[in-house]
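Notes follow the structure.
Going by the order they are written in, the chains are A, B, C and D; count residues from 1 in each one.
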Amino acid sequence: MSNLLEVRHVTRKFGGLTANNNISFSVNENEILSVIGPNGAGKSTLFKMISSFLPTSSGEVLYRGERISNLKPHTVARMGVVRTFQETTIFKSMTVRESIVVAQHLRAKASLAGYFWGTKSAREDVESFGRYADDLIDFLGISAIRNELASNLPQGNLRALGLAIGLATDPKVLLLDEPFAGMNHDETMRMVQLVRKVRDDRGVTVLLVEHDMPAVMSISDRIIVLNFGEMIAEGTPTEIQNNQKVIEAYLGSADDEIGI
Amino acid sequence: MKRRHFLGASLLTAVLATTTSIALAENPVLKIGFVGVTSGPAAAWGISNQRSMETRAEWINETGGYTIGDTTYDIEIVSFDDQKDPKRAIAGMEKMAQEGIHYVVGPNVDDGAAAVRPVAEAKGIMYFPYAFPKELYTAPASNAVLGMVANYQSGPAIYKHLKEKEGVNTVAFIAANESDPLSQRDGGLAAAEALGLEVVSDNVTYQVDTTDFTPVLTPVIRTQPDLLVLSGVSPANAPQLIRSARELGFQGLISTETAQDATVLREGAGELANGFISVGGASTPEIASDAMKEFVERYTKMFGEYNDESNTKVYALEYILETLKANPSAIDNVKEFQSTMDTFEASNPYMKGDAKLRYVGTSSFGQKRQVAVPLVVNVYQDGEFKTLFVAEVD
Amino acid sequence: MPRLSMIQWTGLLVFLIAVFVLVPAYIAASGRTDFYYTLTSVALLSIASAGVWLTFYIGRINIGQGAFALIGAYVSAILVTKAGISFWLSLPLAGLFAALVSVLIGVPILRLRGVYFAMITLVLTQVVTLTALALPVTNGAKGITSIPLPGEISVFGLTVIPDFAGLENPRLAFYYTSCALMVLTFAAMYRLVNSRLGHLCRSMQQNEELASSIGVNIAYIRVIVFAISSFLGGIGGAMFGSIAQSVYPSSFQVTDSVNFMLNCFLGGLGYVFGPMLGTLVLYFGWDLLFELGRYQLLVYSGLLIILMLFLPNGLLSLRIRGKGVAGR
Amino acid sequence: MEQILANGIYLGAQYAMIALGLTLIFALMNVLNFAHGQMYVLGGFVTYTFYGQLGWPFVVALLASCVTLAVLGALIEKFLFAPVIRRSSREESTMLLAAGLAFFFDAIILLVFGEKQRGVPKIVNGVLNWDFRIIMPYDRILICFLAILSIVGFIVFMQYSKTGRALRALAQDRTAAQLMGVNVERYSMIGFAIGAMLAGLVGGLLVTITGVNLGMGGPTSIKAFMMVMIGGAGVISGAIAGGIILGFMEAIGLAVLSQYGDITYLLIFVSLMIFLAIRPQGLMGKPWG
């Protein structure tokens, strides 16, 4: 187990408001790590900084010792750190399979001009994209919606599509943004299985932001807790459940946030 | 649903098409073209053109047609709206060639006139643009005939008159930031300098769409010129420029070398426009013949309101027809027309006295490629133009 | 990489025959030679519109194509008249120069989306017009006139393209040239849209954030696409300059930029061939309504509104869904 | 200096009014109304007809302009924009419709009112001349005052009336407004009518000074777009700020750069482009509208 991803003293300010203050933690290879916290704790901001969708105000994020913060999202993705979005962020008028084919951009060997002229490597790429997309669809068990337009999919499937798009890039680290939000118990359990499978079968390290406590507790190897932009706890699910600071933080917030 | 609408539209189209081209009397038809701008911001230029042609054509047809050689023709005006777009102007000229037309009035602006030149020369069309670039009329260009007096011809005459009679010593120019006005400014500038006038301001320009001229004019007025020249000013901008200048306390003279409309000046600037000097055709009572009066009357009856700009623009059609009358073989041969131009002379029906229609331009272009519109310099006074002086161009 | 189906091959063949054989034959038979210029215009304007369509394809409303057309027209005119180089060489150079300018401008402005991008491109058209008026090399307000017609190209003494000035009917030559350029443009567009770049454009059009999360360098692709778009604008403008044999600051204006955009809307933003059809209908429609005289604009705009009301997704949306050319 | 200030305020006030209507329509329906300038021209011609031709009192003519445009705006929204927005897959399609409308209005104006520049008698005579430091005709001062008054009236209306609040809710978030029980269709129509009415009002006001002609529409629309962009699309205060800024830019630019005449506007446009490239949402707009 080595340090794959390292968050070092990361701070983000919006005007006078501090969304993240001096956050430091690391993610081990092949681990499932969750970031939790009440609404407005700064989870999303942290996520955006790790994937370089947002620059840090100070501090840095390292991946295998290389800085990945304050770059461009596509550069970070190229290095193998890929984020997913909540369900509204999809390619609306593409089918599931088309979306997955497009998402394999990083696996392409031919140049853009090569595709235009239809070179040999471009043709091979296209073929391999198709094969890989079909594999992925089978792997995720979503062959029933293979040719559905994304905009026609129900919520649960959208989450699977988001995961598929993320996986299509061949990531080393996958950042999942609230993968269980709005799901019922059965759907959540299926998704939990799927995320585990992604980690186990594909060796992807998973970092996720989530509200759903039971799911987080059952899936995570370790948990990071944020409150008001500060990191207040870090540990295994059991440690977190018994952490006095965490309980206080959650008790101080709205009822629906309490899931412990 | 869709189909029904389309049917409705095409039905409307058909009806309109038939009503606009009501069959004329049994005379053969001679088509004369017009390619110019009749919609959009500069519509006033082209519409005064088109309407004067239509008025004259209907007048001719009503009185039995126009006899050229042994044949009496009815005159039909074929108009094409180029939307002040040189690309459309080319299409318009092609359309004219298609209709078998050899004589076209227009376009109204420099870029359009330059763009149609290749078509006109290839298809044997004589055209009468209202654009001033000299290369349009100088050899090897052969088919364009300037339809009015260019500002580099009228400018010197006006400035000279004002210098001698009104004691003008300093002059300021202002122009819209557009091809035609800027070129006219440069022409006027050269003329003023040649006369020994002191030019105190010549680089202030305004956007064509300006609605408030006070900030534009302030620095110009500060130079206190004796004469303020509105180079190539459009009829829409003229009253506002005059009004702003006067309101800023400008006491000197204001002039332009383009044709204006008295009603527009009255409505837009009221008595502030008094003393404004512009160039016109021949509608001032001092020189307008009965034919001109009848023309104005007919125009007003047809279109509800006369446009003084048409004074100048009535001439092009008259020149075409008179020249054809002088040499009937030119009717479908512009080479004949061109050779007739050198010697052509007829009496000018629109002016009192013995004024002549003839082609000029030798000194400006080296060949006769300009109609001899009388250079009538008007001064606006209380809702109408009065003749300041009349001159000729050679 | 889609192969063309039998039906598509047939369609292409019919189109080529129509453009290069039937139309000239019809014109020769009917004597409507004015159609040459009108159709040449349609071809050239549709090339420029195709560029605009491409920027729509990455989700940008482009009202600045007139600027690049004007740049192209000037570059070609200046090269031909002042440097004395062949028009045929100046044509690609005009496109390349327009593309170069678009890269310089595109880097900062392509981050903008929606109406913001639309507005900045609208202003761009005016900037280029005013620059052309102010610069000495463009000859300011007086424009560049008397541009010679395209000369001949010969390879090993064999004339590939004849000297236009020596031709009996340069209009026909311009028609063939423009149509050939149009066919090339749209073939390339079709290919591009159905290749990986096209797929990436589509992904960006639908969601730029997601596209960048899967590793697409969206800034790069935006600039590439904008450059291609402006290249096409420059080519169209240069050809027009050569036909009119003159270029003025007003040769392409804001109105033209707006028209290019409207051509795309009318044809349909989801279809590669939309801009071609849109241009044909909008431009040719105006000419066909010429008979209406003073009612021309009224009927034209009325029809436009009715079309929009019933086919808001463009003329090509009449086609059966799913068979759209761009592969909706 | 004082003159520049006075010119700036006068220009700014009239520009702000033009931009207000445009931004309101944009905020409510995300429609970039290309026909806004034509609506303004139409307003001018209505006032011209009633005040200049028929000799009615100016205020009545001005009201007639407002009513005509409001009714027209409501009809256009209900029968044209609303159905097209419903049926179209991309909302930019309304741009074609708006452009078609602009052409259509141009055609109507040409057929009905003719091609000439029109003007009306001055409403007040005389020129204020403060020691040659500020020269400003009284009618401009009056119109400027009326314009500011209308802007204030509009803001008060949007802040405190029930309709105004509903419109603001709608502008902020269509779906949320619908959930809150705002009748979205009805208020879209009202909003469009008010936007058109503002165009008619400013057209009627300005006809007394600048006159009116059919060519003013397109350029006016473009200027209004620019102001809206400076301030931030769809933001009322932004439109006012944008109008005033553009007014001052013109007043200052023309005064300072007059000897370089040809490039004043070039500079204004270029600086506008640079400004937008750096701050795309304008002064007060939400990022990405």
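Operating definition for what follows: a residue touches a chain if its C-beta (ideal position, glycine included) is under 8 Å from a C-beta of that chain, and two chains touch if they have at least 3 such contacts.
Each chain and its UniProt protein: A = Lipopolysaccharide export system ATP-binding protein LptB; B = Leu/Ile/Val-binding protein; C = Leucine/isoleucine/valine transporter permease subunit; D = LIV-I protein H.
Everything numeric here is computed off the predicted structure, so don't read it as measured data.
A simple rule picks the central chain: find each chain's mean C-alpha point, then take the one closest to the mean of all protein C-alpha atoms, which gives C. Of all chains, the one whose mean C-alpha position sits at the greatest distance from that of subunit C is A.
Centre-to-centre separation between subunit A and subunit B (Leu/Ile/Val-binding protein), using Cα means, comes to 71 Å. For this pair, subunit B (Leu/Ile/Val-binding protein) with subunit D (LIV-I protein H), the centres built from the Cα atoms lie 34 Å apart.
Separation between the centroids of subunit A and subunit D (LIV-I protein H), computed from CA atoms only, is 47 Å.
Among all residues of subunit C, those that touch two or more other chains are 130, 133, 255, 294-295, 297, 302.
Counting partner chains per residue, subunit D (LIV-I protein H) has residues 106-107, 110, 218, 222, 262, 265 touching two or more of them. Along subunit A, no residue makes contact with two or more other chains.
Which chains touch which is summed up as A-C, B-C, B-D, C-D.
Residues 1-2, 5, 9, 12-13, 16-17, 20-21, 38-39, 79-81, 83-88, 90-91, 94-95, 97-98, 109-111, 114-115, 117-119, 122, 133, 135, 177-180, 182-183, 186 of subunit B (Leu/Ile/Val-binding protein) are the ones that touch subunit C when the two sit in their complex. Those residues of subunit C lying in contact with subunit B (Leu/Ile/Val-binding protein) across their complex are 31-34, 36-38, 41, 130, 133, 140-143, 145-146, 149, 170-171, 240, 243-246, 248-251, 253, 255-256, 286-287, 289-297, 299, 302-303, 306, 310-311. Within the complex, the subunit A residues that touch subunit C are 51, 53, 72-75, 77-78, 82-85, 89-94, 98, 101-103, 105-106, 108, 110, 112, 115-116, 118, 122-123, 125-126, 165-166, 168-169.
Remark: subunit B (Leu/Ile/Val-binding protein) residues 38-44, 47-48, 177, 182, 203-205, 207-209, 211-212, 214-216, 218-220, 235-236, 239-240, 247-249, 261, 263-264, 267-270, 304-305, 307 touch subunit D (LIV-I protein H) in the complex.
Only residues 3-4, 7, 10-11, 14, 52, 106-107, 110, 114-122, 127, 129, 132, 135, 137, 206, 209-211, 213-216, 218-220, 222-223, 250-251, 254-255, 258-262, 264-265 of subunit D (LIV-I protein H) touch subunit B (Leu/Ile/Val-binding protein) when the two sit together in their complex.
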